[in-house]
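The two complexes that follow have subunit A in common; it is paired with subunit B in the first and with subunit C in the second.
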Partner chain A sequence: MLIRDNETANYSEVKGSTHLFKSVDSEIETGSNVKQTSESNYRIGKITARIPFVFEHDFKSWNIEDDLSDNRDTLKSEAKDIPTGEKLTSKNNPVKTIRNLYFQDEFITPELRTGINLLEISQNYITKSLESIQHRKRKESDEFIMQFKAFLPELFCCRTISESFGAVINAIQNALSNMKGCPLSEKQIVALHEIITGLLREPAMSFEKAVDYVSKFEDADFEVESVGVEGLLKLTEIMDEDETELIND
Partner chain B sequence: MIKSKAFVDTAILTNRLIKFREEKKEAKDALAKYEITELPVYAIKEFKAGPLDYVKYLYNKLLETESIGLTIIALTNNFRQKNKQATSLKLIGELLEEVKTSRTNSNLKAKYGRLADEESISYDSVKLETKLLVYKAWKKRRTVTTTVVQPLSCYHEKAPCEEKNGQLSLKPNKCETDNCCLTEKLKDKRFDVTKLKVAIDKLESALKTKPENVKRQKILREINSKSNVKISNSDCRNLGDAVFALFCPVDADILTTNIKDHKPLANALGKTVVSPQQILGNTTKLTKI
Partner chain C sequence: MQLTHVFYNAAVKFSEIENLTRVGLRTVYAKDYDNPKLVAEALYQTNYINFPHNLYLIKNGIPLIPNYAIGWQDEEKGIAYRLKGKAEKLGIDLPLKLTAKGDFPNFVEKEYNQVILDIDIYIHKHILPGQFFSDEWIKQAHKTAKEEGSKFFGEQ
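After this line comes the complex of A and B, so read on.
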């Protein structure tokens, strides 16, 4: 059994930051039978593995084969113990093996690690909030949102993950701040769940994709702009008004 | 009587896409009152070259100064009307206060250092929001009305992009020709053009001498008097409100926040101008009459 990269060629087509999903391929072929089965589960041969790794890397200059050859023997010895078709557990998870080999600490920034962890916790709170509001427990639902809100400042500190990550977290912070403490509606909690899930799936999504997420989020009656930008824009506009009045005078 | 169709002007598009709170809500609610809302591409062109360009300018200025404080100084340098700054500075102050009280704390500062610093958070927050606003507004421009009408063959709607130095660019924000596609259409409307010229002549002195009316009058006169007139990009921009009066369908209202400037022109051609406040005063949805 060999360990191969999953569709390496595709990575070079992605501009800037991108996702990297590593997989074990029981058929030796390069990633051809790796399919996404749900948001974060990937089917690899007959094994379903959860792939939680996302990081930024310049794939154009990275030779995966060189990297593989250094670790091929280790990979073989660790991976051969996983019979094809066996249910994946935390003990035999090949992704863990690969994580140790390929997702070296220098690749994963502390911000990315923290960001992913905090997003998972956030997603959990929002799911609970959604369940509560669906059971007409409005106060309980709001309490879960308040707990989620407490993570936003730290999530924004993880903005080095990507510009999109920062922009999305900032939009959520502004939106919740503009709610001025009013409990969220079910429609808004669903939108919040969607945007956090999207960010968890792709913390380094393209900026265009971040725009899509925020636009959709905004449609759930959220105001994602802050008073600060409003003030700065007013100043920018006054610049020209001032000039016009100068001409008129 | 208010009609069932609205011909949306640049001010409404601007309020819906890049303004805040009440102005944005008012534009959204007013548009929702109409059964049909039409946005001419001319409004998109004006929006990109004007209001959206301010947002882009702000982003680029933030990028250049790398500080909110320095950006404010740059924007207000040589400002004569100090009283107008007050509201803006108050709003900026509110954001800075919020960042200080609820977007960072000593634990985060200890863990993340500069990334958790108030100044860094405020700056990055404003910068990211401004960039997002540019892209979001552009993406949504064709979704605020039920239809987008009257395409301009000489104008290419190119999305904002980032230059190598990170600055945003909205180019092209003008027509790529020295003879605008509106030329022939305006020649066909010479009778209406004359009416607009007369309407501007009749305006009270203060309005008539406004720079925009002076420029508009000049190009209207040229269209009327020269058979081989060519409309350049700046002529096209200077026509401004006259384009809405000339090309608004007879069964539609011109929906605008700028009643004062639009009304004399629209009325000269027997067309109606309505503001969001007037629409929102009307409690029922406007259906075909």
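After this line comes the complex of A and C, so read on.
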């Protein structure tokens, strides 16, 4: 099978399939009802599957011919379960809601301007990561998380926005650091998405509310305490115990 | 940390505010005059109010003091500029504790003859306390009120 990458105009071959994608301007068709609707989206009947060209290996491992001929009904039923994501409108977009409260186009306080912009970008990456993992693309999903991680140090610098903002960002940074490079599970990405969306909705939330968010985040198998701090606390406990024993003796 | 931030957080926490419905910044500038007639004349001289000559004095000698207001309001925000005169007396009966010794009079009166520019800039929308940054909002509101006001009233 030949697949045409619209950006580079190169064809890549996928072994084990007899389908040929023909380029018809912006649309690629096959004889089995597969249509390209955008650069990297293919429609299979009512199913939309995202096929990134950079992950050719993943694509090769998926036998389209079998899926289309034998498992089409299964694919259709699975596709119904894939959440398409709520479209952001002015009413449910937390950033727009906050921005509408102010009179200028951009925030005057540098930390607030940077913090909100970075949070918005971060949320987009996490949403993409969630979509990818729901489409069983763990590698792509992890790459989006890695891109989000790159913003964390800068977000940490914006912790003067509020005490809660600092606490939540710190918890996320520790949690991801404690994962030691392991890719996040779907449950963890959902938790990450929730906490970031919560922070975007209320960047200056009360500290009690932030603690609630962090607790829920922690429930998704995250370790939000810094390893160093944990070690130090354990050391303090041991020292306290030793001291008590000495006094008792 | 700004004082506004501390005050806002304390107000939200101790008053247990869960929603804000209206937040505004009210700035009032006042200029004193000797008598109500001068207040009225000062307002007429601004040329914002077109009024037939000699109509501003009614028969008992108390001048008519006009008010002038402009502004806009949309679904979320609003701004209002009110140019008005104030000619009134404020009287206060002092408490017995002060007046008993005879150091203070029983009654204190102050007369206000002022031209006032009252600027009210606000949001009227249900928002969560955590969505509102008091420092930032006050900075922006003040900047906007100044910019918008100078377009209409001039720089000075």
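What we mean here is this: the second predicted complex is superposed on the first by the 134 of 249 C-alpha atoms of A that agree within 3 Å, B and C clash if a C-alpha of one lies under 4 Å from a C-alpha of the other, contacts with A are read in each partner's own complex, and residues count from 1 in each chain.
Just so it is clear, a contact is a pair of C-beta atoms (placed from the backbone, for glycine too) under 8 Å apart; a residue touches a chain by one contact, two chains touch by 3 or more.
These numbers were taken from a predicted model, which means no experiment stands behind them.
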(message) Taking the superposition on A as described, I'd like to know which of subunit B and subunit C A:I108 touches: first, second, both or neither.
(response) second
(message) Looking at A:M205 after the superposition, I want to know if it touches subunit B, subunit C, both of them or none. Which is it: first, second, both, neither?
(response) second
(message) Output check: A:A167 vs subunit B and subunit C. Expected answer is one of first, second, both, neither. What do you get?
(response) first
(request) Identify the partner contact of A:Q123: answer first if only subunit B is touched, second if only subunit C is, both if each is, neither if none is. (result) neither
(request) Report for A:L233: first if it touches subunit B alone, second if subunit C alone, otherwise both or neither. (result) first
(request) Kindly classify A:Q147 by the partners it touches after superposition: subunit B alone (first), subunit C alone (second), both, or neither? (result) neither
(request) Have a look at where A:E225 lands relative to subunit B and subunit C in the superposition and call it first, second, both or neither. (result) first
(message) I want to verify the contact counts: of subunit B and subunit C, which reaches more residues of subunit A?
(response) B
(request) Residue by residue on subunit A, keep only those touching subunit B in one complex and subunit C in the other, then list them. (result) none
(message) Residue numbers of subunit C touching subunit A in their complex, please.
(response) 12-13, 76-77, 121, 123, 125, 127-133, 135-137, 139-141, 143-144
(request) Provide the residue numbers of subunit A that touch subunit B in the complex, in ascending order. (result) 111, 152-154, 156-157, 159-160, 163, 166-167, 170-171, 173-174, 177, 207-208, 210-212, 214-215, 218, 223-242, 244-248
(message) Touching residues of subunit B toward subunit A in the complex: what are they?
(response) 18, 20-21, 24, 54-55, 57-58, 61, 68, 71-72, 75-76, 79-81, 84-85, 87-96, 98, 102-105, 108, 111-112, 115-116, 121-122, 124-126, 128-133, 135-136, 139-140, 211
(request) Please name which positions on subunit A make contact with subunit C in the complex. (result) 97-98, 100-104, 107-109, 112, 161-162, 164, 201-206, 209
